[in-house]
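In the two complexes below, subunit A is the common chain; its partner is subunit B in one and subunit C in the other.
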Partner chain A sequence: MPIFDGKFTRRRVLQSGLVVGAGLAAPMVMRKRAWAETFRNDPGNNPNIVFGWNVPQTGPYADEGADELKAYQLAVKHLNGEGDGGLMNTMKPCSLKGNGVLGKKVTYVTGDTQTKSDAARASAKRMIEKDGVIMFSGGSSSGVAVAVQSLAQEMGVIFMCGLTHSNDTTGKDKKRYGFRHFFNAYMTGKALGPVLKEEMGTDRKAYHLTADYTWGWTQEESIKETTEAMGWKTVAAVRTPLGAGDFSQYITPVLNSGADVLILNHYGKDMVNSLTQAVQFGLKDKMVNGKKFEIIVPLFSRLMARGAGDAIKGILGTTNWNWSLQDEGSKAFVKSFGQEYGFPPSQAAQTCYVQALLYANACEMAGTFYPPEVIKALEDFQFDGMGNGPTLYRGADHQCFKQVLVVRGNENPSSQFDLLRVIKEVPASEVTYDPKIFGGELGPYKV
Partner chain B sequence: MDAIVLQILNGLDKGGAYALIALGLTLIFGTLGVVNFAHGALFMLGAFCSVALQKLLTLSMKVKDPSVTFFDAYKQIPYLEIWLGDTGKAIIDYAVPLSILVAIPVMLLIGLAMERGLIRHFYKRSHAEQILVTFGLAIVLQEIVKHFFGANPVPVPAPATVAGSADVGALLGLGSSVIYPWWRLIYLGFSLVVIAIVFAFLQFTTFGMVVRAGMADREAVGLLGINIQRRFTIVFGIAAIVAGLAGVMYTPILPPDYHIGMDFLVLSFVVVVVGGMGSLPGAVTAGFLLGILQSFASMTEVKSLLPGIDQIIIYLVAVVILLVRPRGLLGRKGVMEG
Partner chain C sequence: MQDNTPRNDLILFACFSIAVLAMPLWTAPFGADYPDLLQKFAIYGIFAIGFNILFGLTGYLSFGHAAFLGVGSYTAVWAFKLLTMNVLPAVLFGVIFAGIFAAAIGFLSLRRTGIYFSILTLAFAQMSYNLAYSVLTPLTNGETGLQLRGTDPRLLDSLLGVATPDGLPSPNLFGFELLGYPSFYFCAVMLIIAFYLALRITRSPFGTMLRAIKSNQNRLSYTGVNTRPYAMAAFVISGMYAGLAGSLLAVTDPLAGAERMQWTASGEVVLMTILGGAGTMLGPILGAGIIKYFENIFSAFNDATLHSIFGFLPHWLSDPLVAVLGLFVGDGWQLTLGALFMVIVIFLPGGLMEGATRLIQLTRRKRPDGGSSEDAAGSRRAFHAGE
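Right after this comes the complex of A and B.
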């Protein structure tokens, strides 16, 4: 009997439909954990996938951005099986094989956030709509992170935050499609508080100069909460515009304020400028209320220390990671990055590199690029060997919990890169908090 | 009292920069009738004269750094240090003051090229067209600098001998908290000297007399057989030098990036408007006045009463002055009217 005799009957149409339907479904049910759902920028049969690196290439955080981009490029190299493999050799557990992600070669596009939320959103939108990125990442401004994270949720594309330190990123503005490996201002307060108490006592008067956007506000709030609980008084908290450049008009009032501690809630070039200018105005050598005047920079990095030069010596702060750490992960990453670029990575570079690997690893664990499954693989994922000790990616707010480093600007550096001295490694348990304290809703898995 | 003295000093050094840029802006407007929105770019180019000289003086040899063992790292040792030892170090240390010598001819050439190559074609065009073309030129210059020096600010330190602070309080018989950075005091003194030289040049030389006559009545001076156009071209060059020197000396205060000129241009334009378009004493007075006002508006006591006032004070004053005295503080009748 011929299969098709040229006549359409109801029975024949139903039979054909069943055969075709079964044929189409077969590869899906036979493939491990295959997902019928379609999603934005599904690579399908394309042998390549595209990641988007949306970093500040101009603006006050451009130094961090340049380092982040280098880290991402190195991560792509390692994911595709080139170079020495970096942290893929030390990460535990690790599903990465060095053959791209799920067998697809990783490619990337870059964008300049200009350290501005609107420019960052426009750049991210272009990456998602025009370049077809499956995931995008970048820092270093929390204002930018919060803005693009909300875009990620709207468009259903995962955003792996780069350097962002505001409590809001994984607090009131957290999103299901956003993940943060970097620590936050609350953790800075918790880690730094005991050291400040030990070194400066409980009778101090603090003056805050604060970058006027989400990160500055939450850092000021967290540090004030910590220092006031210790007995310190807050003399004033003055907001300064992001990228102000010349901070002299904000520093001169500090001289006669009665404060004996200046807390600079500034980052990047702003911190370099404000700290350098504060030192030029003699604040570091001043005596007030019978005590030595102190300057504190709650969040700083080696890049900023390099920019500030001698001014950073002796200054206390916290950092997410430092290249001098001696665990296997840190050593592997420093070696890999250093051989590639001739200098050690910054904390911004480390967090971005780790985020790229964590996303790729989650895809391998989920067996798909389908975002809701990748998100589930990342949520409550516990890992080690990435330079920060045992780490939890908490599912409730997408915040990583790991050790925080309290550092001091090195007074006697042993090399041109030895600018920060780690004085305390604060364990994750001491900086962990209830996710409810910052409120916010993650939102749905499916968008 | 100490706080007031500090805020005045602070306003004066900021005002010095505003005054120098505004002086050039208003000089060009008064002579050539051109609203030069590329004037901020001239300030930026001056700052990058300093950056370029510093880079030239610190051309270095790469030497392996034995203190780094994780990977192959290299140290940069400037050739000047290798060849001349401590003298080489001292030359590098004085990069900013030495840049003044470089900036004068460079800025003069840039100014003359700008005027002859582009701006003279727009003398008879409307102010709107002049603003558009000079603004476009500023963007082109910014992008050229960005291409060669990158987008990041480049630190250019002051010489070590003046990197610290002066105890102004002890000098003035005030409290010990009146401490002010040496370089900022030098900047203030430098801007006053430059302003005095420009005024003396216009007041006491034949060239200056002709220029002033040309500013008052261009046609009459032309009828006397004087080539006023050529003199105005030189005035453009002088304005470029003034803006450039302001930029050179500002580099230790604020590490320059390609955008620094634009940040100053808007403020300086407001200074010119407040001082009175085309008025040289007006530009200088308004520059210092607005610098001081901005400084006082940043005081904690003022900000607690009027939050955000430090960001808008200059524009607020400009609005009030334009409402009460539309010609500006020392503006002449007839300038930009009708």
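Right after this comes the complex of A and C.
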């Protein structure tokens, strides 16, 4: 039985046509207003501007996300001239005046990425379409960063990446509207290489366990390249599923493989589990080929070190920043973060805080919020005093070049935060590479 | 319940269409009137309608429907990459491929019923997720998700000489760019069509057969009816609905990620359907809207927002209030959702639609005879008997 069994009278067609037409036309009127702007979310005469903090508040990286959010809130305080000013006092050159950005007070909105690309993009779209953010930032995973960055390009709103370590973010997936302060897997390999050579010699056999996704692969590739160049052999590179939980079936073959170095290309909970289990299997105290067996975790973070407990002791890795650094910038940041929250900041907090300040500073330099001009101000911007030594924001791929820290898990930690000991600060010149090696295209300034 | 006369159905359908098209107007007071969330309402509404055809009518609880959503998305993005930025082929192929995929999984899973069926579908979906996440990376681009690139071939577009813009092209409908509100209206029209089809399926003899499977499959078998083709058809139709939703996700945002197939995404649609009312026409759409609203709006409340809401109260009162409420918004949005879900399952097992029906019955009772309590209780019994 058909539902439209009634007759289509003239009156009825007109009536329904009017209703549908009104419904369709309403948003068109709203949209026209939006198109009159010169660029998306232009603050115009509004005394406030809005930043969006898009961080994982639930899911596997919620710890990092919570730390990032704290850092962003601190950055907003400092930008508005509250608190002790933090890194604005040590940043060189600094155009920030502590009266907001270009005289406008900074406000913010928050969102939950759930460490999922879809949720992150939905949250970012909400910030852009509903809350009218002029810039957004955050993230604790490369997949999310890449996905959100391409949204930033489509929407024409600048995205300052948070914690993302994959080469792709500023490699084959780089975007004009995305910027990364954090280091990447390639730099990890470059920085770690000489230290490994010094500590373990050139005659080693390495066994990789790699998280089976983009970030894991790029890291494995980068580390392999470095270690093989100095004479190491790669016995095997085994892919492990993400979130495996139990790694014993992957660790048992390592014992009989003849390898004397285990490289764990894992992050987050995977790294905590695989490292703990490797230590439980006695790998750390083993002798193979007349050499002491070594474990390496290329990407370290203090939050992960805390999860791994005693297993982390003596393990080598790299990190973007550590609160124990003694330069002016690091000391200032640890002081104001500690005063605010009562504990030292993580590397995720540092990179996010710095990103927020760098964007604000670029707006001041450009004298406008117009994104193409702000992007040009950020590109090839050189600065110092932010805790990572002299830094260059390279224009060719929007990657920051700064020192990389090689760290070792502390044997005798003096507190629950004193987990990593910096053994080498590798200068930026040693980790710099040609942007062409990863390909990719930034895309247009104006979208 | 009420009589499902064609006239009532027509009224339902007309009201539904108007409500969907006017969504930007009536969602404004809730702070939900921005294109992305409205698109999500429409898309997940379609997903839930489709799921309801399987779960609500036949009673087969699939825990792997997100796999079809994912297949729809990937297919649509590939259609964008290989063929054209016009959305019609993307949607069409998304639905077809999801249907084929559903037929394959249904063929294997429908050999079992009840919990075994649920576990089988869950296993297949999780397998698809892991494949998409790592093994099939050349096809799905793994963790990063499948994205458009400036260098994509787009064969049909280049044949027809469509100019490629500087940067990435956006999905269009015969040259009309689908971004923001136009994109929402495209999804809204799809939702209305999907709703109409679901209504017809539910009211058809085929729909009656599906409900017969739900009420007693054994009895149906004993009367000589082979139930599997019916269950299979319902499974494939519902998979195609999921494929449509998936391809629309790609239309509104040309990117397909593996986590769309994760078991949490499958669980979400089950929650939507139960929250709104399984087996009802409007319930699943309502449930989808509520869950998406929580995910997008509640998660964005932070302490600063709460302080501004309760700013009129004195500090000694607003500070503890914000501290307590802060646990339930922002990063605690899932807690609130969980509590709401429990309340509904305990007090309204039929979902929100049962609540609505009860309210309507209460008011109806009141009018003729003042609504004595005995009558109300009687009608409630009758309602349950009708279930």
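In this text, the second predicted complex is superposed on the first by the 410 of 447 C-alpha atoms of A that agree within 3 Å, B and C clash if a C-alpha of one lies under 4 Å from a C-alpha of the other, contacts with A are read in each partner's own complex, and residues count from 1 in each chain.
FYI, contacts are C-beta pairs under 8 Å (C-beta built on N, C-alpha and C of every residue); 3 or more make two chains touch, one makes a residue touch a chain.
Computed from a predicted model, the values in this text were never measured in an experiment.
By the touch criterion defined above, A:Thr58 reaches both subunit B and subunit C. Counting the residues of subunit A that each partner touches, subunit B and subunit C differ, and the larger count belongs to C.
With both structures placed on the common chain, the touch criterion links A:Thr38 to neither subunit B nor subunit C. Applying the stated contact rule after C-alpha superposition, one finds that A:Gly443 touches subunit C and leaves subunit B untouched. In the superposition on chain A, A:Gln326 makes contact with neither subunit B nor subunit C. Legend: residue contacts after superposition of the two complexes on their common chain; A:Asn273 is shown touching subunit B, with no touch to subunit C.
Looking at the shared chain after the overlay, A:Thr214 reaches subunit C, while subunit B stays out of its contact range.
Contact with neither subunit B nor subunit C is seen for A:Ser429 once the two complexes are overlaid on the shared chain.
When the shared chain is aligned, subunit C comes close enough to touch A:Gly143, but subunit B does not.
When the two complexes are overlaid on their common chain A, residue A:Thr110 makes contact with subunit C while staying clear of subunit B. 57-58, 62, 66, 241 are the residues of subunit A that lie in the contact sets of both subunit B and subunit C, per the superposition on chain A. Here subunit C touches subunit A in the complex through residues 6, 9-10, 13-14, 18, 21-22, 24-25, 31, 34-37, 40, 130, 133-134, 137, 142-145, 147, 150, 166-168, 170, 180-181, 184-185, 196, 199-200, 203, 249, 253, 255, 257, 259-260, 262, 295-297, 299-300, 302, 304, 330-331, 333-334, going by the rule given at the top. Contact residues of subunit B toward subunit A in the complex are 2-3, 6-7, 9-11, 13-14, 65, 67-68, 70-75, 151-153, 155, 157, 163-165, 177-181, 183-184, 253-255, 260, 263, 294-295, 298-300, 303-304, 310-311.
For subunit A in complex with subunit B, the touching residues are 57-59, 62-63, 66, 236, 238, 241, 245-246, 248-250, 252-253, 255-257, 269, 272-273, 277, 280-282, 286, 307, 309, 331, 334-335, 338-339, 342-344, 414-418.
Residue ranges on subunit A touching subunit C, taken from their complex, read 1-6, 16, 19-20, 23-24, 26-28, 30-31, 57-58, 62, 66, 108-112, 116-119, 121-123, 125-126, 129-131, 141-143, 146-147, 150-151, 153-154, 168, 173, 212-215, 239, 241-242, 441, 443-444, 447.
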